[in-house]
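As structure tokens, here come the structures.
There are two complexes below, and they share subunit A, which is joined by subunit B in the first and by subunit C in the second.
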Partner chain A sequence: MKSLLSTLVLTTALTMPGLAMARQVTLTTNLTSYGGDGAYLALYVTDASDTYVGTLWMAGGKSKYYNHLTGWYRATGGDTAQVNGITGASVGAGRSLEITLDLADALFDAGYTLHIDASVEDMRDSPNEVSVPLTSGGRGTLVKGRRYIADFSYDM
Partner chain B sequence: MIRAFHRWPGLLALALVTVLALSGAALSVFPAADQLTAPQAEAGLTVAQLSERIQAVYPTVEQIRRAPSGRITAYWFENDSPGAAVIDPATGAGAGLADPNKVERWLTHFHRSLLLGDAGRLVMAVGALAMLILSVTGAALVARRAGGWRHWFAPLRGTAPGRLHVEIARIAVVGLVLSSVTALWMVAVTFEVLPENAAMPDFPAEVSGETGIAFADMAVIGITPVDTLRELSFPYPGDPTDVFTLKTDQGTGYLDQGTGALLAWADLSLWERTSETIYMLHTGQGATTLGLVLGIMALGVPLMGATGVLIWLAGRRGRPRIRGNSAKGRAETIVLVGSEGGSTWAFAATLHAALTQAGQSVHLAPMSALDPARYGRAERMIVLAATYGDGDAPASAKGFLDRLNALDRAPEIPLVVLGFGDRSYPAYCAFAKAVTAAAQAKGWPGLMAMGMIDRQSPQEFARWGRDLGQAMGIALDLIHQPVLPRTKALTLISRRDYGAEVQAPTAILRFALPRVSLWQRLAGQGFARFNAGDLIGILPEGSPVPRLYSLASARRDGFVEIVVKKHLGGLCSGQLTALEPGDTVTAFLRRNPDFQPRGDDGPLILIGAGTGIGPLAGFVRGNARQRPIHLFFGIRHPSSDFLYGEALRDWQSKGLLTRLITAVSRETQPQYVQDALRGDAAQVAQLIRDGARVMVCGGRDMAAGVADTLAEILAPAGLTPATLKAEGRYVEDVY
Partner chain C sequence: MKKTLTMLTIAALLPAGAALADDDDCSVPRTQWQPREAALQVAQDNGWTVRNFEVDDGCFEIKGRDADGREIEVKLDPATMQVVEMEYEDDDDDDDDYGTAVGNPAPAGTVAPPQNGLFGTGTPPKVKVN
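And now, the complex of A and B:
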């Protein structure tokens, strides 16, 4: 477990290309036109026993709002070290977020689940907008979100 | 120094601060509107009861939030689609759309970042900082001008923009400081300079694993009143490991969905509490009245901006460029200037030019640059000193007295001091007097007695120049034109003559209104707007130095009227009293805002003698509101120089004038106006105790006599002319 985690953190935090036993994965998140400010999105992974493993991306730069990403905040205790170097801007309504990462092969087909929590200022918090198992077969499949995310897919 | 710190942020950040203030004022309305429109929960309603009601209507409710305005919003999912509504707490049913107000959101973004993201936030933070600097330096200036913080609300004098600027500022400054400090705090939190990490309890490791407890059986929310609620989040459907999350104004906790037990709790951290209070103070959310008050105060900012620019422009126009200023080590005459607004510099420039023309080498510098050790070739020093507020040093003279007192011994070159001031202030030329006293105490030799110039009088300055020239053994002609005024030709339409029999030939001269341009009319400049008590400057033929006369009419009277007494050998009065209808003179208008019967409808006591009746008669003529006016008028003989005699009786019969008391000096028992006052002491004292305003116009000796008499009359009531002057209730127009 520990080695897996460190691989994950290494690959996500430093996004080292060409790492052995890793593959390049593109995550695409399209937002609905929900009519509000830019959304904060936390993309993170839990294992088969629902234990937090690591964060892949944090869209939204102000850590004072992170407690509205309820699932992520509970899992990490709001630890901003988890998103060092993998933080970007919040995503506007109707826009899409595309990120490409090197993810360890071992993350796929092993019971890991990718979650996205979303939150918008002055609107509802939406933990677990998306939760999708990471499998080689699931690539390219569109997954609907609950409130702010129109659809999400990963490709490699 | 403070003035510079007020002026430059004000001018540079003017647009930014105005944008901040206007958008802030607009935003201040929303919390109040929210509170008025949102259905409020009844007193004593608990979170459990509210949740029950809402869940009965929306079974899939997943979050309930309460805004500081009392508005309750519920969020749910039904058939996989999200729903939200503002809730009427009495029924639990939806009572309106939960979508955020688009206008408010746009304004909020504009207010905090000009819609430009983080860069915009920083720009607006600079604006907030500018507002704070302006507030603090402005407050210091107001306090200094009024003569201390105790006199914060002392009556104001000066030009209309100056008065309006301070009038607004001394009320609005509280709100502006509060708004700008809280704004800076919020920016610091946003950029994580200050921490604001919500204290969240650790998520419970173990839960009961059961689900489905009734709200009524849940201990904590059963006793939590709705008005302390922030947010209640329901457990994720079908996940027995999830919990209820309750946020109140005390903190955050997790509740078991099977037993209702409080699994974990964290109080709000001190930082959170502080930040929430600051957020409330800034936005008015949860403090709507305060929000509205702050919004109204913010509306003063654009007005202060506009008047501030006018004040700055007026000061700039008055400051001349100095050509050919000698170095201090080579100059024969050192001229030091203590000026606040810049007008004394203009006099200094005139002196500099005249001395230079007379062959002198002159060094001109601010008083604060006093440096006797380096005046190697100087033969004399001339100090021109204005006064600020209650006798303080003006801006360019800061530190002069300290430097003087720190000298080992007084310089050997003789000193000349000339004070500039306004005789209607109690501290007339007080700083110049303090300089003279300090110099004498040091044993500094003087060249001539200290001179004083009242209200920038060019005549007095020219007279002083002749005295100075005599003392220096040169011919010195000081022709000072403060600001080149735009002159008009005034045509005489009628004249009435008085006083020839008592050796005081006097004329009431009435001129036609000159034509004014459209621009002047719109801007209220020049003869487009004037009142009795304002001044006109007449440029006599043969002299470039204007003579000032008080106006006896207002624009709405439809003519320009002055009262002129012919002085023996007087150039200007000679020409004026020789005018026949149809003749013209060259004149300009100068406002005299301090000598106006401003204020409420309280009684007026007008005191004047001779030609001093002019503006006072004008006030009576314009007294359409029939404010009580008691006029004390000193004349020589009723059959000869009773100026406005018939008109005054007419105005009295029409109720414009309450009482006319004359004092006649050429009778068997000569009476002066101060005698008439003394004869009426009881009523005068009573009127003043009741808030009457006293206005005195006439010769200097008469005014001094009146002040002494009033001091006598008022002593039993514990009042003095000085205290009345400080309150702005005793004003003089003296010549």
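And now, the complex of A and C:
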């Protein structure tokens, strides 16, 4: 049923590109109770050849800490222009970050991967805690993190 | 003698702090580390009040207050007890951003998201923390 739906979504998207250019996607990141300060999180996307494409959200406002989001930092050189207008507060331990955004349809089922780097002051950096392919079929699937992130999922 | 040396080293290093700021990790093998008491001794010699002591990025890190009562965060080389980095916590213009607090990104809602091809429209993301 799900695959039928996906096929339908895909074919609809293909046949009616003018009507389906963007979709509302909700990204939910649940943090573990790691017992530390608020976590900095960088949510960013790479393409099929693992090249950085862009950032979807940056949780944490001080750029001086961005070098601890090592994957993101390596890809961007710490360029804050990448996160202008998509930056918010860091996320406390045990909290849940829910981001709703309009994403380009072309992002799904095209080899793109969403990554999350995490960092907490005075605790170990955790680049690429979550790495999940963006597919229509992957919606609603819980992906487990390693250190600060309990799980992540996207829905649309 | 060792103490005098340490003091001298610190005195020599403090003004050069800015030049060293971008290299604030330590990579000394653990076998060469001095005991934490040595770091606490450095703190005592400088009149620092230690609130928290830990190992960060391979360095000894002391958080507390300096002799004037300002909040400080000091990283020491675990082998030589040299100051690798010293920050005043009440000072946003710390060494990490080379004396400029400028450079923080614009918060969501104040400007449109970047045109990186990921966003379908210019609508700012909505965020909820539960």
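Rule of thumb we're sticking to: the second predicted complex is superposed on the first by the 136 of 156 C-alpha atoms of A that agree within 3 Å, B and C clash if a C-alpha of one lies under 4 Å from a C-alpha of the other, contacts with A are read in each partner's own complex, and residues count from 1 in each chain.
The working rule: a contact is a pair of C-beta atoms (placed from the backbone, for glycine too) under 8 Å apart; a residue touches a chain by one contact, two chains touch by 3 or more.
Quantities reported herein were computed from a predicted structural model and do not represent experimental measurements.
Enquirer: Is the arrangement of subunit B and subunit C around the shared subunit A a clash or a fit after superposition?
Expert: Because the two structures are overlaid on the shared chain, the partners are seen to clash.
Enquirer: Which chain, subunit B or subunit C, ends up touching more residues of subunit A in the combined arrangement?
Expert: C
Enquirer: Between subunit B (first) and subunit C (second), which does A:85 come into contact with in this model arrangement: first, second, both, or neither?
Expert: A:85 contacts subunit C only, not subunit B.
Enquirer: With both complexes superposed on chain A, which partner does A:21 reach: first (subunit B), second (subunit C), both or neither?
Expert: Once the two structures are laid over each other on A, A:21 reaches subunit C alone.
Enquirer: Looking at A:104, would you say it contacts subunit B, subunit C, both, or neither? Reply first, second, both or neither.
Expert: Second partner only.
Enquirer: One more residue to check, A:63. First (subunit B), second (subunit C), both or neither?
Expert: Once the two structures are laid over each other on A, A:63 reaches both partners.
Enquirer: A:146 in the overlay: touching subunit B, subunit C, both, or neither? Say first, second, both or neither.
Expert: After superposing on A, A:146 lies in contact with subunit B but is clear of subunit C.
Enquirer: According to the stated criteria, A:122 is in contact with first (subunit B), second (subunit C), both, or neither; which is it?
Expert: both
Enquirer: Quick check for you: in the superposed arrangement, does A:55 touch first (subunit B), second (subunit C), both or neither?
Expert: second
Enquirer: Could you look at A:155 and tell me whether it touches subunit B, subunit C, both or neither (first, second, both, neither)?
Expert: In the superposition, A:155 contacts neither subunit B nor subunit C.
Enquirer: For A:37, is the partner it touches subunit B (first), subunit C (second), both, or none of the two (neither)?
Expert: It touches subunit B, and subunit C stays clear.
Enquirer: Of the stretches 181-189, 235-243, 325-333 or 559-567, which one in subunit B hits subunit C?
Expert: Between subunit B and subunit C, the clashing stretch is 181-189.
Enquirer: Using the superposition on A, tell me which residues of subunit A are in contact with subunit B and, in the other complex, with subunit C.
Expert: Common to the two interfaces on subunit A: residues 61-64, 67, 122.
Enquirer: Which residues of subunit A touch subunit C once you look at their complex with the stated criterion?
Expert: Where subunit A meets subunit C, its residues are 21-23, 45, 53-58, 61-65, 67, 80-89, 91-92, 95-107, 122.
Enquirer: Give every residue of subunit B touching subunit A within the complex, in rising order.
Expert: Residues 63, 75, 77, 80, 82, 84, 99-100, 102, 105, 109, 118, 189-190, 192, 196-198, 200, 202-203, 233, 236, 241, 245.
Enquirer: Applying the document's contact rule, which stretches of subunit C touch subunit A when the two form their complex?
Expert: These residues of subunit C touch subunit A: 54, 56, 61, 94, 96-97, 103-114, 116-121, 123-130.
Enquirer: Per the contact definition, I'd like the list of subunit A residues that touch subunit B in the complex.
Expert: Residue positions touching the partner: 35-37, 50, 61-64, 67, 70, 73-74, 77-78, 122-128, 146-147.
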